[in-house]
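Heads up, there are several structures right after this.
Next come two complexes, and both contain subunit A; in the first it sits with subunit B, in the second with subunit C.
The block that comes next holds the complex of A and B.
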């Protein structure tokens, strides 16, 4: 058992070490205007963290991300269930969902800017729009795949509509929704940084902009690394939740 | 049309339509059902007594499931009416529970939660559920599997769970739609006798749909044969085998006689190929 996990971990560790070494070597032989080595990136990371800038801006971004994402989940899941349950509504609305899902959301940012200006709300809207469609889409597809026999069982036991949602639709659909949530995490991070770039400049996005303007390549790399690691962590967490809600599947 | 009556006298269709027990729990009057242009059955008259098991046999596709779904209130009748406990059926009612051929368990619920489902919907408190569910788990022999998910247990155990879920709401009408058709032969036999034992301990009105002739004769006080397209009640045979019935019942000459009689009725219109014969 132990040997096996070592065997599986080894390629991962080796690859990680090689990647870090490559970064270090290439970084040392490249102009600091384009790229800095890993050691310099970590050094800058500590400096930014110690100055308190990183913490403040991180919290700022996290608030934006969490608000937008929570709204996407709060809207996407119930709306998805409703659209799966009410056929006529789905037929009417699905084309719009498909169009918006396929549209590069960045293209909407100028429009949102002119509509809502520079406050917190438009940025939340951007994160929301980036995140909501995978959640909505996966929820609809999931909820539609419920076996009609099971709905009939519920009817046989005199289930009201609300009990049908609570006992049947939601527990069945949650794993599908969570698949959407995992897809949405990556998109929402893009949305977060894009909103911070193009709307009022705050958070980690602002840190990247400032560092770029100051030719602080180490700073840019440090923040990108932070965002990447957060993304990986969130997706891992999403997978864990998805597995938890899907534990009844064989 | 009908096979010649065997040596012993067996009550015939017209005289066999009376329910056993003090009063009729289920009254089906002139029932007809169409799906669009497909007429499934017509003119079904059936009464089931409050302590009676009526077995319904008929070839696949003759409308057995449809009939049960109508009685359960899941489907509106096209003609005629259904009364259960002197209540006109237009939607599912509390005192009727159905056991499904496909088990109908919720795969995301454990055995315990599946059995608690009907009680929960009926508004039982957690305390009531905690008191009742273990009783029914024990009754169907699922102790130790409370926390298993359906995919983790065998088909036979899944149907035990389906049965317990139906029994737990303490219905006075049980509708069984080929409940043991999807389990292997050995398990099926075990489940048949367990169902009989459970029913003996608390007899209710039961409609037991099957396409096994043996099973129909073993379970039923009467066997109703559905036939034709659209189908109708072709004949009703009274099963005068004593209760409680057990494995010994299967060896009685009277059992063989009745089985042959039902077989003859089903085969008389020579759609034998459509029918799954039992050895």
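The block that comes next holds the complex of A and C.
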């Protein structure tokens, strides 16, 4: 067992060390405007963290992400379940939701900018739009997987509407919703950065823009590293809740 | 189409009496819903929004003007060419790296974390860096497209190459078939559905990458066309561009799904997206 874990871990540790060494070497042999070594990136990271900038801007971004994502969840899940229950409504608007799901939402940012201007609300709207359609789309997919017999049986035992939702609808669609949540996490992160780039500049997006304008390549790399690690962490979390709820699938 | 037929018949069972007759013709129902959405949109914009805001009637009026506008056609051609080039580069690189990762445990363990890491990074974040490296040029856009598309292809091809049933390879080996032949006749066909799923994802991401790069660097293309038109308060014209983007997104999705069903009818798997 120990040997096995060493065999698994060793290539990972080695490749991580090799990657870090490669970054350091390439960084040292290129112009500082182009790329900086890992040590310099970490140095800039500490500077940014120590000055408190990184902390405040991170909280700013986190607030934006959390607000937009929570709204997407609050709207997407009940709407998806409602569409699951009311079949004729679902049949009617399903194709339109599919179209919106496949539309690159970034293209709507210029419209949001000129309609709502600069502020917190338009940015939340961007994150919301990026996140809501995967949740909605997957919840509907889940609803399609409910066997009509289940509802018929529940009906013939005269279960009330509330009981039907609690016992059949929610447990059957939730695993699919969670797949949507996992997708939505990735998309909402893109939406967050896009909103910070193209609408009023705040948060980590602003930090990276300022670094770019000052030709502070070390700062750019440091913030990319931070956002990258956040992305990896959130993805892991998304995968975890997806597999957790996947046990409910039959 | 069989799934939607099924869901409609399920709808007939489930729906309460009143809507049963409506649910029996989904096309009519869908058209009706579309009409309601458009009317709502038109009404809200006319009632509450400034005159420049896009509304269905305005967009319809703008379509004939925009689709003969040479600037629009050129912008579309530029963006689509860039997306096609970027996708081609990502496909070749991604397939090679993915196949190697899928067939070699050592390489897989070495690269897996990097690939997953880059895949989880929101692709838009590389724009400042790429504009620093490549300048505000088409090269930055191409690099963004490749970055956006590459990792979903690697991940899916590697998964596909790993999914080859071991027995197939053992049988092939006991009949002394060569490595290249095994790759061509067993590994590649087995990886094909995964590959297509990766391509579908990659195409969507590539399109987003192109638009985002054009927003960021302000280089000519469909994304910049949308940005420019909406900044000069031509929202109807800009919206025609958005519709074209949506059409490409949906069209590619439908095309790849059709390919999967048509060329690989034996294949069923839970969709793995994003």
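Note that in this section the second predicted complex is superposed on the first by the 247 of 250 C-alpha atoms of A that agree within 3 Å, B and C clash if a C-alpha of one lies under 4 Å from a C-alpha of the other, contacts with A are read in each partner's own complex, and residues count from 1 in each chain.
Note that contacts are C-beta pairs under 8 Å (C-beta built on N, C-alpha and C of every residue); 3 or more make two chains touch, one makes a residue touch a chain.
Just so we're clear, the structure is a prediction, and the values are computed from it rather than from any experiment.
Colleague: Superpose on subunit A as described above, then tell me if subunit B and subunit C fit or clash.
Modeller: Here subunit B and subunit C can both sit on subunit A without a clash.
Colleague: Counting only touches as set out at the top, which of subunit B and subunit C does A:59 meet: first, second, both, neither?
Modeller: Neither: A:59 stays clear of subunit B and subunit C.
Colleague: Quick one: is A:157 in contact with subunit B, with subunit C, with both, or with neither? Answer first, second, both or neither.
Modeller: Only subunit B is touched by A:157; subunit C is not.
Colleague: In the overlaid three-chain picture, which partner chain does A:168 touch, first (subunit B) or second (subunit C), both, or neither?
Modeller: first
Colleague: Scan A:248 for contacts with subunit B and subunit C and give back first, second, both or neither.
Modeller: first
Colleague: Thinking of the overlay built on chain A, is A:25 touched by subunit B (first), by subunit C (second), by both, or by neither?
Modeller: A:25: touches no partner chain.
Colleague: Does subunit B (first) or subunit C (second) touch A:227, or do both, or does neither?
Modeller: second
Colleague: Where does A:235 make contact in the superposed view: on subunit B (first), on subunit C (second), on both, or on neither?
Modeller: second
Colleague: Using the superposition on chain A described above, determine whether A:6 touches subunit B (first), subunit C (second), both, or neither.
Modeller: After superposing on A, A:6 lies clear of both subunit B and subunit C.
Colleague: Who touches more of subunit A, subunit B or subunit C?
Modeller: C
Colleague: Aligned on chain A, what is the least Cα gap between subunit B and subunit C? Give it in whole Å.
Modeller: Nearest C-alpha atoms of the two chains are 10 Å apart.
Colleague: Do subunit B and subunit C touch any of the same residues on subunit A, and if so, which?
Modeller: In subunit A, residues 152 are touched by subunit B and also by subunit C.
Colleague: Under the stated contact criterion, what part of subunit C meets subunit A in this complex?
Modeller: Subunit C residues touching subunit A: 3-4, 7-8, 10-11, 13-15, 19, 22-23, 26, 29-30, 32-34, 37, 49, 52-54, 106, 109-114, 116-118, 120-129, 131-133, 204, 207-208, 211-212, 215-216, 223, 226-227, 230-231, 233, 235, 238-239, 241-242, 245-246, 249-250, 253, 273-274.
Colleague: Would you pull the subunit B residues touching subunit A in the complex into a rising list?
Modeller: Going by the criterion above, the answer is residues 69, 72, 74, 91-94, 97-98, 100, 102, 104, 106-109, 117-118, 120-122, 149-152, 169.
Colleague: List the residues on subunit A that touch subunit B in their complex, please.
Modeller: Going through subunit A, the ones touching subunit B are 149-150, 152-153, 155-159, 163, 167-168, 171-172, 247-250.
Colleague: Can you list the subunit A residues touching subunit C in their complex?
Modeller: Within the complex, subunit A contacts subunit C at residues 8, 11-12, 14-16, 18-19, 33-34, 86-88, 90-96, 98-99, 102-104, 106-111, 113-115, 134, 144, 148, 151-152, 182-183, 186-187, 189-190, 192-194, 197-198, 208-209, 211-212, 215, 217, 220-221, 224, 227-228, 231-232, 234-235.
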